[in-house]
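You will see two complexes here that share chain A, one where it goes with chain B and one where it goes with chain C.
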Partner chain A sequence: MVSATGVRALIDERGAEFEGYTFGFLDDMAKREIRRTILKAVAIPGHQVPFGSREMPIARGWGTGGLQITLACVGADDTIKVIDQGDDASVNAVNLRRLIAKTTGARETLTTGEATLIQSRHRIPEERMTAAQILILQVPIPEPLRHVERSVASARAMHAEADYARMWLALYEDVVRNGEVTAGAGYPVMVNGRFVMAPSPIPRWDIPKLNQADTLFLFGAGREKRIYAVPPFTNVQPLEFDDYPFEIEAFPNMSCRRCGATDSYLVTSPQADGGTLSVCSDTSYCDDVLAGRKVENQW
Partner chain B sequence: MVEPLLRVRDLTKIYSGKGHHIVACEDVSFDVYPGEVLGIVGESGSGKSTVLQCLFQDVVPTSGAAYLTSFHEGERNMFEADRRERRELRTHRMSMVYQNPRQGLNLMVTAGGNVAERLLAADWRRVSDIRAKASDYLVRTEVPIERMDDFPAFFSGGMQQRVQIAKALANSPELVLLDELTTGLDVSVQAGVLDLVRDIQSRYGVTAIIVSHDLGVIRLLADRTLVMKDGHVVESGLTDQILEDPQHPYTQLLVNCVTN
Partner chain C sequence: MGYSSVRGGMDAIEHAEALIAAQVTDSDHPVALPQVTDHVELLLDQVMGEGGVYDLDLGALAVKQAEGDPIEAGFLLRAYRTTLPRVGYSFPSSGRQMRILRRVSSAFRDIPGGQVLGRTRDYTQRLLDFALRDTPPKTLAPAGDLDALPSGAAPEEFPLVIDTLRADGLMHEAPRRTSDDEPFDVTREPLRFPSTRAARLQVLARGETGAMLSLAYAGMRGYGGAHGYIAELRYGDLPVQISHPITGGPVRIGWVPVTECYQVVGGDEGAQHTHDGTEDHEHVQGENPEYVVSYGIVVGRNERKAISMSILDGSLKKTTKSGAAIEDEEYVMYHIDSIEAMGFVEHLKLPHYVDFVASVHRTSKVRELVAAARRG
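Coming up: the complex of A and B.
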């Protein structure tokens, strides 16, 4: 975080770019409220804390929750990375990154290892994140009980009482009907043995990364006005039955067509010639492997 | 001396309408002993269901107390339970079979799932164990096992009722509350459900309160009986005694109606 005089100096220095905006776009009261909400969220891992989501210069549903957290946390000396489904180059990721950099003077990067703050949609980077980094995940639907309890008040009461029988029942019915728990993106997890949490629509592949990590994970849902967190070294367990254990996606006999990696989450797209193309979902990781850089990817 | 499993004292429920009050039940007191079936009989509107709804905490009583031996050693009024304790009471210690199976079942969930819900609430986490237990109870309640993974929305009323009974018994609650369990069923189906409950009772010694406006049902199932009229208990005793030698004029009327 940058000091007040630091901000002043920065604004003087880059006055043209900041014109008409406060540092980090949000006003100080908004930032203060969001930071307070983050502290609460960290204090109660997995618990959704309401906050007064602000109007942002992007549409709700495009990462406004994540963006508000990022803007409330970022300092001028931070290095930021924004990824959309693993990709730094998507229009949405580029726009968000530009907005953050422009209103704060923070450095931009595409490389996971260089970033201090990473805002992400639908992925956790393959490269193992460190205690010096924060991952901010954009969340469309923060309530994991949404599909078993439509009433918001009842769902809250269920969280308060740790009454998750209905959630388990939905998983049981899934197993009976489909022979397995079919939940793919956003597999429900139990945080710190207490709260069932929606980990945002990350693939199963990324779920184990949440458990006992070095990194702080912050989750922001702008439209639903909720912030929650998984602090470092917190137990995060996917909901699973003893005889139907949780499994991550498998890519048998597959590797990235671009970098050759066999240890990353692959996305497969159909090709004009009728074949398919599988490449790393995480473009930073793919670039690193391609360039022969050594990457610590064991989460 | 055997201690009662449940003691109910001065249970009163008053519904407040516009400028008037409906006394659904007033100063109802009774004990239920382990392994016995207590019957509550009375005409429509006499307050029978209200008593069960209060005990199962579906409605909040106006005054009175109920003590369950396993709840704070029977020393705390279970009407003063907090939310968490209330859920504990409803999912582990007591169960309710509603007159309308739609109230007691989740029709969007399979028959097996309905039974499984109580087991999941009790932290069962192995699907094969859950299914073994659920199918065991569905078999006991004569629900064809091949219907286990079907939705009860498409079952007959009698079979829905049997699924409800399986669900109510699945995690061996201390006390089962049964409200008019045969009302609304065909006479032929009624007999089957009654036989089933009697069989389960004699084999497993379930403690139950069974509410009915039908003295025939009470005669078949209840060891002791309360007779209710206008929200009050007017007579209580062994079922046989009440049937043979009714004391209160209302009970006499009731018994005469049945025997004649």
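Coming up: the complex of A and C.
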């Protein structure tokens, strides 16, 4: 965390624009509450901890939960990276990053390996993250049971009793109706053998990265006022049936048009000529491959 | 690659900011804040109420900056409010202490203290007044002066109409409360269900006028509403009193204008209500039928929302539920907040192409299965 002199130096350096707000925008009581909530979340992996989510200068649903975690954790000597769909230049990612930088003075980076804190929407980076890094995921709907139980109070009781029968039944009915579990992004996972958790709408491709990782994953849902966590070296398993095993997206015979990678999650855009263009969704990884830099991408 | 992955994201944002700034500032007659406070008062009241900040200058600034979008302006106020320290709590004010500017009852022809029609459009003819297109300047009298009752005509305290019902034994006495409890604060604590009465009233008071009107209307048309009578609808100023830092006694630091609605629900329907939410006296069905009050209170002049709030309060209090959505605490309290609803609905504008690829992969897989099944 930053020292008083650090804040003074920031004010001197940045002037009036920074003067009106405290370090990291949130007042100190809010930051303390969020940090305590994070500690509780880490202590009970996969359990959604309610917190007094503050109203932010960013709209609800646009990353206010992730933003509050980032602002409660960031210090003046941190290096931050913000991505949306894997992309640092996405306008909302840019907007969040400049708010964090403006109110904290933290260094900004676009490179996964350089960041100490990465706030992300809908992606886990391709590059394997380390124990020295934290990934903060923005969460729209933290409740994995929402589509089987819309009442928040009832879903809470189901978690407390580890009563996931209706969740399994819904997956079973999906298989019966469609021949497959049709959940794409945000595939439900079992954390530490205890809590069913919504991993945020990351693609299936990223789900295995949550299991036994070196990195701390923090999940923030601002509008729904919940924080939860997957600590390092935690078992995280997708919900699956023995005869219908979980599978990730495959990109057979495809490669990134920009860097040529065949081992990254590709996103596709229609082209004016009727064709399609596929490129890496993770722009930092794409840059690394293009520059010939070797990065570890086995999680 | 479109708006999301253009490498010049910062550049695009700065241009967008310049465009909205120009819309607000570039004019031969830029809007002055007093024009908003003096002439767009109802919008200002709605914005301050839903934003949770009573401050005319900040509210007018928010309205101007948001180009008159009430939800966006309320959002600006809330994002400012959240940075302010919580210095203390006021003492409870009673409706009897209100400096009345308007007061009507539809349950009684005459009420103690008298009816005061006050400022209302209810009995005007809604014809466009073309004379207003070009009005010469004229100094505005302070609103208090215009509205004030002739001196000597106004009693010190206006009794509440429901006091009459209580005196006649048709309604329970008000529950005793300890006023030194720190109230639940929905801006600092997450909602839990069943909620406390304080939390419920706070969420309703900050709710969006249009959303609450719509739910209340659905209730009146048969979707779970409580059918009642307006015992009293009043508008005026309530004193704000805090504890004096030295003497500890109550000291008035100002007034805040509010609209209050007391709706009474009676007879058999009344018997199906708890008296005062989840915390207080519960009226057991089959007991002697009596009237209960459904309550609405809104910052500023906003009768539409105050009445809607009292209808929703009544529906949420029902102990015998019909299963309608507006009797469901979670349904009502989660969905009437305009700033949260707006954020989540409009977040669909954010890129979702990673999720969409994941979705297309699953759809393709199922299509393959279907095709394989057809081939046999």
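Basically, the second predicted complex is superposed on the first by the 284 of 299 C-alpha atoms of A that agree within 3 Å, B and C clash if a C-alpha of one lies under 4 Å from a C-alpha of the other, contacts with A are read in each partner's own complex, and residues count from 1 in each chain.
Please note the rule applied: a residue touches a chain if its C-beta (ideal position, glycine included) is under 8 Å from a C-beta of that chain, and two chains touch if they have at least 3 such contacts.
This structure is a prediction, so every number in the text was calculated from the model and none was measured.
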Partner chain(s) touched by A:A183 [first = chain B, second = chain C, both, neither]: second
Which superposed partner A:H47 touches (first chain B, second chain C, both, neither): neither
Chain A residues touched - chain C or chain B, whichever exceeds: C
First, second, both or neither for A:G86, with chain B first and chain C second: second
Touched partner set for A:K225, first chain B, second chain C, both or neither: second
Chain B versus chain C as contact partner of A:K31, first or second or both or neither: neither
Which of chain B and chain C A:D242 touches, first, second, both or neither: first
First (chain B), second (chain C), both or neither touched by A:H159: neither
Which superposed partner A:K209 touches (first chain B, second chain C, both, neither): neither
Residues on chain A engaged by chain C in the complex (per definition of touch): 21-22, 25, 27, 50-57, 59-62, 64, 84-95, 98, 121-123, 140, 150-153, 178-180, 182-186, 201-205, 223, 225-226, 249-250, 265-269, 281, 283
Interface residues, chain C side, partner chain A - complex: 1-10, 12-13, 75, 78-79, 81-83, 85, 187-194, 330, 334, 339-340, 342-347, 350-355, 357-363, 365-366, 369-370, 373
Chain B residues touching chain A - in the complex, by the definition given at the top: 83-84, 87, 91, 109-110, 112-113, 116-118, 120-121, 125-128, 130-131, 149
Residues of chain A defined as touching chain B within the complex: 157, 160-161, 163, 165-166, 168-169, 172-173, 175-177, 241-244
